[in-house]
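Across the two complexes that follow, subunit A remains constant while its partner is subunit B and subsequently subunit C.
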Partner chain A sequence: MPSDIRRIGVDYISRVEGEGCLRVAVRDGEVTEYDFGIFEPPRFFEAFMRGRRFTEAPDITARICGICPVAYQMSSVQAMESVCGVTVDPEIDDLRRLLYCGEWIESHVLHMYLLHAPDFLGYESGIALAADFPDEVGRGLRLKQTGNAIVAALGGREIHPVSVRVGGFHRVPTRKELEPLIPRLEQARDDALATVEWVAALPMPEADRDDEYVALVSDDEYAILKGRIRSTRGIDVGVEQWNDLFVEEHVARSTALHSRIKERGLYQVGPMARFNLSEELLRPVALDAAHRVGLAAPCTNPFRSIVVRAVETVHAVDLALDLLDRYRRPERPAVPVTPVAGTGHGASEAPRGMLYHRYEIDAEGRVLDAQIVPPTAQNQGSIEADLLHLVERNLELADADLQHLLEQSIRNYDPCISCSTHFLRLEVDRG
Partner chain B sequence: MGESTVIIGVGNPDRGDDGVGIVVAAIAGSLTGVAVRTVNDPFDILDAWGFADRAVVIDATKGTSAPGVGTVFDVGAQPFPPAFPSSSSHGLGIADAVALGKALGRLPKHLVVIGVEGEVFDGCGLSAAVSAAVDAAVGAVLEVMCDA
Partner chain C sequence: MKPTLAVFKFASCDGCQLSILDAEDHLVAIAGAIDIVEFREATTRSEPGPYTVGLVEGSVTTPHDALRIREIRDQCAILVTIGACATSGGIQALRNAADVEEFAAQVYANPEYLDVLATSTPISDHVKVDYALYGCPVSIDQLVDLVTALLAGRRPSIPNHPVCIECKRRGSTCVLVAPGIPCLGPVTRTGCGAICPAFGRGCYGCFGPSSYPNVAALATAWEAAGVGRQDLIEALRAFTVGAPEFAEAARAL
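Right after this comes the complex of A and B.
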């Protein structure tokens, strides 16, 4: 290989769900090729949904991801309820928020402590980190288990909860069943606040990059369950208009569809997008924690996403406590839902960002068409843009150091590549 | 036997043979009266053994031997293989949980891991080969209990 050419290949990116690969070619100090490829087999979930009952959507789509099944359940049930013209009781929406808080805590804490923090401190894994930071990692485990406990209490089990249905829940817990969560969450709030301080003190590479941030926004709360689609450059539409503004494209090197804004290209979803669009709607204890460590919108350095996740964990814990304080068992676990032919849209904020679902169903309740747009697919463009940005500014680094920086950059997005594998048209030429 | 001993079944009963750990733990628990915990996120294993002095963990393995063949590791007596082929599809595997427990000083004094090689990892229920191995695996758990 000529001396003026450097090739950096990362075939397996550890500590992300699923598998991706990254290739960069540099010639004469200029980046001439780069791509972030995904080589997990396509999973065909949209095709699985065709012909299934509309009531099966939450249980089938939850299987797309073992880390964020609640997100898939929430987006799918809201899409089905919208097509059937059903509004669930406010108490049911609150229980859905509580379940979602559990998932945010589980997912954010797993990522911060075991997947992302090791990058900042130079450890190869969360386990290696635990040997030197046992108190901190022990705190992370305790926090995550509290998230698990919420999901198990409402969903029946920690992974792939089984209680969610179109129209509400199969069963709602009694207040007495949920009360043991309260002292655990009080401890969790202290742990989450300590987490903000810890991650904010990590050595943070500088990588600010101008991006368009897109998230669900609600006028009266930091949106988790529902909201309008807004962006930092003026988008403000209902979720039913997702396909009017955004487009999914197949990219030859990847089995994941890549999303972009039709008029202007890449955008970013996730914790930084939510924070940049709804900072002032955080719970006061979370907002104070953010400001104490110098975090304020706009946050444009993707490496600081770990701090935003910590702040969102405080928010989720505090919101969960508030919902539990006010909890009275709903009179009915679900409202009846009769299928209506048409198209429904649903979106919610998965831990990794906005998750959009669209379903067309017939009058018998059979699914005719499905579209599922996970956050990692929406972030592909931003991930690649970050990589190019970093490579161009760090060419002086040795290959191993540059590789580490790029892997760390990919993990800024907590990419759930299993979720982002999507749809592939298969054509077989049999001669 | 009190709470200082715990039997932990790891797995997902909706993934075929992945549920063997849960089945074996339930039977061994009912025979011995020892506390049983069920875990389907290996991340929770540390919480499941808590501060117990002795824990027996049963999980399905994948890719080591013929279906139904059991493997017993006494974690205190021999190094736990870092690549213990847990069948978990998410998060940590058993090897990670053991390493994490060690790093945090949260391993039971006596920890035994019993793996049962699975054959089919989808659908409900155990395959014939693994069903036939359940008695032997329960026997291995009881043997650990008797070794106290």
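Right after this comes the complex of A and C.
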């Protein structure tokens, strides 16, 4: 190695679900080489889904990610229902929204309190943070527990819930079974509002970078369960056009496929994309909370995603309360679904961003082909662009500080790397 | 000095290690009793071994991981596998009966970039395992009990009887006998709380085989419910396809 080169190496990035590496070469203050890779042993879900029954998709694809199994269940059942030409009852859609709110709460709170806030405050983990901030972390754990309680009440357990099926649910709860959640959610609304104030006061690095934000959008709600694909630069199509818009590429440095907008390039999904496209559709209590801390669309600093997550948590808690207030046990838990040969598409908003599924099935309901595009794969381009942006602007930092900043930057995306693959190894090679 | 805990991940969905963070009520207490020195999903802290207890999630699917698990074994006084991937190879062990190169070509444009084994195998195929927690995902209660037991120096109690016993205790109507829904409960290890029958569906076997599972008798019961052997074979070849009892039973049917 020439004497004018310094190297920083990070083999693994912690507090993300996965492994990856980053190598940066710097010469005379310029980034000359750049390589960001993801290493997660591939599990080949799309391959072994072939030949399985269409009804198995929600249980099997949930296993792609233990952090957001409900997202996989929701995208897969909607894809299968679209192949078979089935529309579920509106009460079932509402129950799916409630289940999804539970996942948003537990996933967002896990990330904010246990994985991301420690970065801003200089701690190694949420557990270490709890020693000095017992009230705050206690509030986070209580809030997360309430999200988990929703998923467990509707699905039997927090991770890989068992109640979801193509056409609806295996069983729908009685009103009485769900009522104990109401006081917990009222507490959770206070906790979520306090969380917005807390995270908005964290020291926030500047890193604004213009990006194309893509999310599902609905005319009458802040889209979680379904919507049309829209972007901040004019995309507006149905989910069945996913493959007309985007292309997935496989590069040597990564076991995650990278998604790009055809003939245009990278884009970003996730909380900032949703917020930038649907801010005015947030529940009023969440919108007020955002404005109180000075958050308004467009939000282009990825470090502020933690504030957006807090605002979305308020939204999810308040929406869950509303759905519970109106809840009456649906007359039937599911509509019957008979397999029809064809291709179907489903997309929903996982906590980390849009999750697209496409399946082709035969008349017996056997899967012929499967395509699953997780949010982290879609964000990989934006994660890389942020890293490059930060390296170029912070070369004066000592290696350890630069490394910390870059790791934090990756965690801005709450990357659920299991879903695509795994995370970061950093080598900065300086001239 | 406090005992140390290390958590390691192999091919998996992260759900079992997430269960540690889901033990909200116990998390701070556990962290007070045992020093969590290696747990990449939760902390930047990373200390070299040896460790008192190592929890291993995930299955072995790459040449690199086959070496890594041996190094980890050497560093852990007590090694515990957590979850269906670590104990049976997980759902990704469906590749074991397939052509992995063809699988790779289906998913990836450039399969030559990948360095993977033809099989997904449980940790116990590679190293000695002291205790195993089953399930997809593991039960949080069992996880907390295991850590508590190891700290107290007692043997963790990990039941191996079938889901049926838990289901009866819970007072659920038998889905196999009454509505005639195919259920793997009679041959599946308990620990989940018998949640599937409570939700009106059959158990799908995510905790793997119970001790001495009588799959032949189950096949008769499924046939009485109008469900054929091929369906049972497929049901056994799912979340714990790599468990020898299920694999052999499926072959024998």
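Going forward, the second predicted complex is superposed on the first by the 416 of 431 C-alpha atoms of A that agree within 3 Å, B and C clash if a C-alpha of one lies under 4 Å from a C-alpha of the other, contacts with A are read in each partner's own complex, and residues count from 1 in each chain.
Keep this in mind: a residue touches a chain if its C-beta (ideal position, glycine included) is under 8 Å from a C-beta of that chain, and two chains touch if they have at least 3 such contacts.
On a predicted model such as this, the values are computed, not experimentally measured, just so you know.
Once the two complexes are overlaid through subunit A, subunit B and subunit C clash, as defined at the top of the document.
By the touch criterion stated above, A:48 is placed in contact with subunit C alone, subunit B being left untouched.
When both complexes are overlaid on chain A, the residue A:141 reaches subunit B and subunit C alike. Put subunit B and subunit C next to each other and count what each touches on subunit A; the higher total goes to C. By the document's definition of touching, both partners, subunit B and subunit C, reach A:110. In the superposed pair of complexes, A:67 makes contact with subunit B and with subunit C alike. When both complexes are overlaid on chain A, the residue A:171 reaches subunit C alone and has no touch with subunit B.
Of the two partner chains placed around the shared chain by superposition, neither subunit B nor subunit C is touched by A:342.
Looking at the shared chain after the overlay, A:205 reaches neither subunit B nor subunit C. When the two complexes are laid over each other on chain A, subunit A has residues 17, 66-67, 110, 114, 126-128, 130, 141, 144-145, 148, 157-160 in contact with both subunit B and subunit C. Across the interface of their complex, subunit A is touched by residues 10-16, 18-19, 21-22, 24-25, 27-28, 31, 36, 39-46, 61-62, 65, 90-92, 94-95, 98, 100, 102-104, 106-110, 113-114, 116, 120, 136-137, 140, 192-193, 195-196, 198-201, 204, 206, 234, 238-239 of subunit C.
On the side of subunit A, the complex with subunit B involves touching residues 17, 66-67, 110, 114, 126-128, 130-131, 134, 137-138, 141, 144-145, 148, 157-160. Partner subunit C is touched in their complex by these residues of subunit A: 12, 14-19, 40-48, 50, 53, 56, 59-60, 63-67, 69, 110, 114-115, 118, 124-128, 130, 141-142, 144-145, 148, 155-160, 162-163, 165, 169-171, 249-252, 255, 257, 333, 407, 416, 418.
Against subunit A, in their complex, subunit B makes its touches with residues 12, 14, 40-41, 43-44, 46-47, 89-92, 96, 99-100, 103-106.
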